[in-house]
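Going in written order, the chains are labelled A, B and C, and every chain counts its residues from 1.
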Amino acid sequence: MITLSSDFGSPYPAAMRGVLLSADPQVRLVDVAHDLPRQDVRAAAFWTRFVLPEFPPAVHLLVVDPGVGTDRAALVVRAGDHAIVAPDNGVALPAARALAVDSSVEVFAYDYDDPASNTFHGRDVFAPAAAAVHGVGVSRVEEFDSVSPVDEYVDLRLPVSETTDRTAYGEVLVVDDFGNAITNVPGAFLTEVERVRVNGESVPVGDSFASVAEGERLVTVGSHGNVECDVNRGRGDEAFGLSAGDTVRIERVE
Amino acid sequence: MITLSSDFGSPYPAAMRGVLLSADPQVRLVDVAHDLPRQDVRAAAFWTRFVLPEFPPAVHLLVVDPGVGTDRAALVVRAGDHAIVAPDNGVALPAARALAVDSSVEVFAYDYDDPASNTFHGRDVFAPAAAAVHGVGVSRVEEFDSVSPVDEYVDLRLPVSETTDRTAYGEVLVVDDFGNAITNVPGAFLTEVERVRVNGESVPVGDSFASVAEGERLVTVGSHGNVECDVNRGRGDEAFGLSAGDTVRIERVE
Amino acid sequence: MITLSSDFGSPYPAAMRGVLLSADPQVRLVDVAHDLPRQDVRAAAFWTRFVLPEFPPAVHLLVVDPGVGTDRAALVVRAGDHAIVAPDNGVALPAARALAVDSSVEVFAYDYDDPASNTFHGRDVFAPAAAAVHGVGVSRVEEFDSVSPVDEYVDLRLPVSETTDRTAYGEVLVVDDFGNAITNVPGAFLTEVERVRVNGESVPVGDSFASVAEGERLVTVGSHGNVECDVNRGRGDEAFGLSAGDTVRIERVE
């Protein structure tokens, strides 16, 4: 099984599907998403860390690659029975650590020849690499000539919030399609809290969207375990004035 | 085979794919759509009633769920060789009746434990339920411990138009991606009619978009069998000033 | 294997998936794209010429069909081990020639009965035709009763640029999701050129997006082999003021 994640929109991902199927017409392909926020390595890291652990063992092709055409390396990051094939810009590391039982990952460089283009390494470098890794098998990646262990690579860790007794200082990691502003504040911060101030404005803490009236704001713990700023049947990003990258200060109100 | 329909946008549906594949790595998954009009139970009922009958026997996972996190039940609705797994808000019933040979459906509650989140029951409740139903087999759903027949559930019937000799009083059910305003007036109302008035404005009845010049309005019978208000190579919703939920009065012009 | 390409948006493609799976529940389906520029036969021809050659032998269902409901024919275009099933409006020819080893293609008409609708031949004509071609096998298409060779059909050739010693006169074929304005000027025109004027404005030629600073314009050779007008991490169409169909004059600057 090979999963596909990118910021390529459409129809570029189809070229990757074609390459993968030409390498192995029997391989199972599963799209994760191809509308990840464009050239936003951190957002791609967040979403794949969220989604990939739901999958059974697989090779995960993950291409969000602002450095396409430069000499940045192609990586194979092994995490237990999974492998992520991605550019060396840190995008694969958060998901890989989430996939590995003990967060221990192995990082390999994938050596590629001069690719056919400088603008579409998804087709010309990463899809062939994912097909090759899938062909040889995740457990035997090191037997593969084009692959060699590396110690130096770009790492990425999603920012962690700072929490005092009553206040969490965090950041909006992404805004989802519903407009929910997903922060990096751990959900545990809301345990037994009924009301908070978000950047100074008082809002209720809810168990679910429906815990407030339609159109009303709330703060809740999302399915990723983080605090998010939402509106029941509306857009939290607009109601709270929050975008990806904005800081949030969340205070417990007694 | 499991089909997937939701209003989740992206990348949330990928988490459901992962759950389904973790339960059975061999299961065949087919996406119907994940951009159904957001939290619009009636539109989801219309579109799945339109699309699901094209499929061979399958389990259909259908999650448009404004009540996520409340205590609304999870349902398994059996219709012949098909089963729809959906929240108890009526969304499954129109498609289920269309799938059943004689419109007779069987409704079961799917008993679920405390889910991991209150905001993403697609991942935490409905995908596991669909995997379980697929595993046990649609014909043997009742042998499954978590499943029990229910008499009370939320039903939903799409509104029916009222038709007199010369006038149909209907409603726009949905606007499709092309901008076609699809009403609930049966196509038979246009039989041997060459011209109608839609909310007072005279427009031709056409067999196909191309029966009028580019940019011109027409009324035709869509592929769902209903009357729709269209523009050849343009947007009918804008030209007619119609949105989902609007009433339409269509008069035959002799 | 059957690939699917259309301008149908969502959820109409799901009806085609259902039809194909009802004909053969085992058939492998692969989506190319369903958001091809609406009713733009030339753009669909460009994109499928770009993408389909990446695929192993397959039946390619390709429906961009402004003439739906008129008496235009349905075609099966065979190109080596591939077949494209499409309306007779030229859309299939560029990809078919790219798929055929020597550009030689065979064109057949697919004879269809009165379809269930005049607005959705993707479901009612082309998906059944693709299923039938897949069932009988690409190499045996002519044994199939509904299929007969034709000499007359709508051909389409994407416009070719004219190039003098120092100047290429071309056209923007499509703008991709990134905003890159893809022209029909062959990439070879940029060989060993460091700077060009695009419609009079001087811009650098780059090997990759990253060869200029973020937000800066460049001209490069895209993954399709054509010259494209881009912005590093921005939209070339906006920065250059170019849309599909616009003419471009590209001059080498010594």
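The rule we apply is simple: a contact is a pair of C-beta atoms (placed from the backbone, for glycine too) under 8 Å apart; a residue touches a chain by one contact, two chains touch by 3 or more.
Note that the structure is a prediction, hence the values are computed from the model and not measured.
Asks: Just how much do you need to spin chain A so its Cα atoms sit on those of chain C, in degrees to the nearest 5?
Replies: 120
Asks: Do chain A and chain B face each other with the same patch, meaning over half of the contact numbers show up on both, or with different patches?
Replies: Homomeric contact, different residues on each side for the most part.
Asks: Could you give the separation in Å between the centres of chain A and chain B, each centre being the mean of its C-alpha atoms?
Replies: So the centre of chain A lies 31 Å away from the centre of chain B.
Asks: In chain B, what residues contact two or more other chains?
Replies: Touching at least two other chains: none.
Asks: Quick check: in the complex, which residue numbers of chain B touch chain C?
Replies: 1, 3, 5, 30-33, 35-36, 47, 50-56, 176-178, 207-211, 220-223, 233
Asks: Could you list, by residue number, the parts of chain A that touch chain C in their complex?
Replies: 8-12, 14-15, 17-19, 21-22, 25, 29, 38-39, 66-70, 116-120, 123-124
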